[in-house]
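Next up: the structures, one after another.
Note that chain A is present in both complexes that follow, paired respectively with chain B and with chain C.
Up next, the complex of A and B:
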């Protein structure tokens, strides 16, 4: 493929992930509204919100790192997305996948929050500082079982390539979720924590922390962050589908599988109150950690 | 490209699209010190569900578009309102809620509340009543959306152009004026 083809496909992937992610967020708002016995906003409400944020005229200046924070976040979201293969056996939709991409993704998924935390520090808002400290604590919490679960999968199939994992599942007509159920269960229980949805929303906590890390960001920066989170959300769901749920043959299957998977954190968040910080740590260090270590032991013997 | 963007007709179209997005996504910073704040929970929650009309709460003034002043303002809280208003990002709108923001309402002869909100910050829409029911609040928001769609809700421009006049009015009431400059 030529350079321009690769670039075009990458841009198209980003665009589709952005639109799908925003629709998923709209569906989430609608579902939560229906659970609360409300009518709820239209599913395209998030598009209007992003458009409104992009058409804001002014912004504030706290320093260079503050201006770089949203950029850091969206660049890492896009990088994560482009290393996740979307469709099996496709020249186009595998983008930049290579043999060690699973290990690279483990790093890339953390970089966004770390860079953002640096930028937030410069805004000087005490709410943001508390939010960042809680966020990094929670990151330590769920990264541990998540990495162990992925290592269990890597050891069992002796590969660090997502394409290989998808190929294995497609050729054997099975899902790694059935082959390695302990790692799958651990990762499955971690999804609400990784999305920072309720009950793991102690970081943003609008009622007590005034939305935490993002409390000083408004206007176009908030629009950039909303775009970033929609892309990152789709990337995380696609990664999960690729590893555990058999991957996909085309975009349609990818969207069906990711949307179904997305309903788990959404419905769980609709009925859950908020964990305190230490509760959110211990809830991921208890069952998910035990299950992932069990998966690691089974994979290595 | 430059020619297209600076053309009067195309900038009109861009302005129309921007205003369409602005009017269909109103994030409010509810300044709930007055008694009218008790009408906000039923407006936002299941009974009247303002979110179906694209109105939702914002956590901080930086993220908000609409400042909702619910009821009377003591002189002491006026200072905080001014600071909150100036922290919001353009374009921003103000809704004065209840009779107290229009003419003082039942506090018309009080020594420590303000009587007309419009003297201190630019108000786009007033909702009268003591206190207005959620239907009236939603009607006020609908009026604001209509004004934004037509490009008439320009209170924030008016505030910037007449900043000295507003500052005079504000400093007449607030004696210990220790505030940062406009928008920090």
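Up next, the complex of A and C:
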């Protein structure tokens, strides 16, 4: 493929992920509203929000790092998306999937949040700094069982490459979720924490931290944040589907699987009150940790 | 003249010369140390691995000359030393007794070069002691309160290391009838297992003290914190690598190449614990220097783990990380030194929002921190990737979990460092702080540039690394300019990462700056959303105390047992013991001579028992 073809496909991938992600967010708002017996906004509400934010007249920032803050997020989201396999059968949608592996993705996925945290730090808002402190603490919390689960998968299939995992599942018509159920369950339980949805919403904690890290962001900055988090959300879901749920043959399957998977943290968040920070850590260090360690023991013998 | 002798002369002769120069005039001294540093680096690059020098002493042949393996450490030293010396000129301006400081500084560097070029144990030991004692005197140099205790702790642990080394050398000389390092390594296989273990463990203890392996790390955080920062850059950046150099010799060359892997695996566990607990302690510090010191201990843990595992990729990763740690920790100590000089403190509870005042220092600290945290696309990621993949593919996944956990917790102190010093709400106390002079920022920025380049093109450093791997007995080391591959055949292509990130970043930077740039404006850090209660002029809402309280609450049980506490308990016991022992110190030289004879008699008896 020529450079321009690769670029075109990458842009198309980003666009589809962006639109899908925004729709997912809209669906989430609708679902939570229905659970709470409200009518809720239309599913395309987030498109309107992003457009509104980009067209705001006045935008303020507190310095260069805050100006750059959403850029770390958007570059990380797009890079992550391009390294995650979307459609197995098609050579069209490979993007950069053959040039990265799981360890890379693990580290790449914190690039954005840490860069964003620096921008948050410059705002001078104490609530934002508290949010960052909680967020990093939580990251340490769920990263431990998540990494153990991933290592269990890696050593069971003797590969660290995502494309190899997807190819294995597609060729053997199976899901790693069935072959390595403990690691899958551990990772599955971690999804709400990784999405920072309730009960793990200690970072934004609207009632105590006034949205925490994002409280000083508005206008185009918040618009770019929303765009990037929609892409990143889709990339994270696709990553999970690739590792545990057999990957996908084409975009349609990928959307079906990710949307179904997405309902789990959404529904769980609709009925859960918030943890305290240390509770949120202890909760991921309980069952998810036990299950992932079991998975690792099973994979290693 | 032999270039090796010239190199030693530059630092030892130059050290004495510096003493005189500073006595004459400070300007002359400043110029002299910059020239000496650069000349040393230049001479090092002219030394080839064939250059050597032998002389005999008391029936043993002693020699000097860089080996393939030691060359890479020399490379680190000759990058870091001149930069630290140049940085030191403005940093130390206004201090008194500079002649002592710089003389000792040059002696330490000379001692390290001496260790690296030593071909036999005796030469190594002599230079080792020169390095140790000079650095001990530098700790005492600033004459702050409480330094005597810190110095004592340092010299006590160094003495444990030195005695272990010396005993090991005696045993080596006794059993193998040689003092040459190369011959020791090749003859090591024929020794009985008992002797192998004895020699190895003694050497590991000796080198482990300098590499700050738990439980021998206790001296490190205080010592790294309490020397002038220009020296800390060398102390933590290069001197700790002398320990790593020795551990590599013992674990890989002696044990692994003769089929004993278990000692290395034990060491790897020690390294993993060091990494984890070093990180935890770094997270809770209030002093930025202390944070960096504990983080050094943690980072050395990763390196020790890599050496201990001993597979090709693991050792490669460890050597890479050793080099890299020198570069980024050198940068960070220099950055915090600049902050200390300009703002007068290094405490997180006092510092805040220096980013506008010291933008270049912030930039270099930011790059060094990203490299430290191991986040792509900078150089640290390359090392972390290789280390993790080598551990996973060789089946050490419990160790890798420890390291992963440690490096995720490492994000906490990485952020704390940048936030506490450079970000947060601005404070009038620091209104007049200026950027550090160019001679201080330039070395930092140069090192930061290296970290950026190596993130995409690590091949530049892989070439000399592959060369020095041969000195450890590894053959056919394949490497690629910008692609990393593990032993399962999975690979990562670095340019894809860095180019994607950089392109998207720059593209959106243009977009976000361009869109509605007329309506975009900068407001002060006091102009914030705090639910209708904006801070007044004298209020400051900067969040600095107990920054990671939730984290500390979560891991509180671990902190109940600290190693320092255990040592203190032992120390109290030992104090009582020494009160008793003091009676032996009669002050009579003949009694002491008797003790020495008794000691050697016991040693001989024991030696007969063991072998």
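Heads up, the rule we're going with is that the second predicted complex is superposed on the first by the 299 of 301 C-alpha atoms of A that agree within 3 Å, B and C clash if a C-alpha of one lies under 4 Å from a C-alpha of the other, contacts with A are read in each partner's own complex, and residues count from 1 in each chain.
Following the convention adopted for this analysis, a residue touches a chain if its C-beta (ideal position, glycine included) is under 8 Å from a C-beta of that chain, and two chains touch if they have at least 3 such contacts.
Bear in mind the structure is a predicted one, so any value in this text is a computation, not a measurement.
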| item | value |
| --- | --- |
| Per-residue touch tally on chain A - higher for chain B or for chain C | C |
| First (chain B), second (chain C), both or neither touched by A:33 | first |
| Touched partner set for A:68, first chain B, second chain C, both or neither | second |
| Partner chain(s) touched by A:222 [first = chain B, second = chain C, both, neither] | first |
| First, second, both or neither for A:210, with chain B first and chain C second | both |
| Partner chain in contact with A:45 - chain B first, chain C second, else both or neither | first |
| Touching partner for A:58 - first (chain B), second (chain C), both, neither | both |
| Touched partner set for A:266, first chain B, second chain C, both or neither | neither |
| Partner chain(s) touched by A:284 [first = chain B, second = chain C, both, neither] | neither |
| Chain A residues contacted in one complex by chain B, in the other by chain C | 54, 56-60, 127, 210, 215-216, 219 |
| Sites on chain C touched by chain A in the complex | 353, 355-356, 366, 373-376, 381, 384-385, 388-389, 392, 395, 397, 400-401, 404-405, 408-409, 411-412, 414-415, 418-419, 423-426, 486, 488, 490-493, 496-497, 500-502, 504-505, 508-509, 512-513, 515-516, 519-531, 541-543, 547-551, 553-554 |
| Contact footprint of chain B on chain A as seen in their complex | 29, 33, 36-42, 45, 48-49, 51-52, 54-60, 127, 206, 210-211, 214-219, 222 |
| Chain A residues touching chain C - in the complex, by the definition given at the top | 54, 56-65, 67-68, 70-72, 74-76, 78-79, 82, 96, 99-101, 103-104, 107-108, 110-111, 114, 117-118, 121-127, 129-130, 132-134, 136-137, 139-141, 143-144, 147-148, 151, 154-155, 158-161, 164, 210, 215-216, 219-221, 224, 276-278, 281-282, 296, 300 |
| Residue ranges of chain B touching chain A (in the complex, touch as defined) | 17-18, 21-22, 24-25, 45-46, 49, 51-52, 54, 56-57, 59-60, 62-65, 88-91, 183-184 |
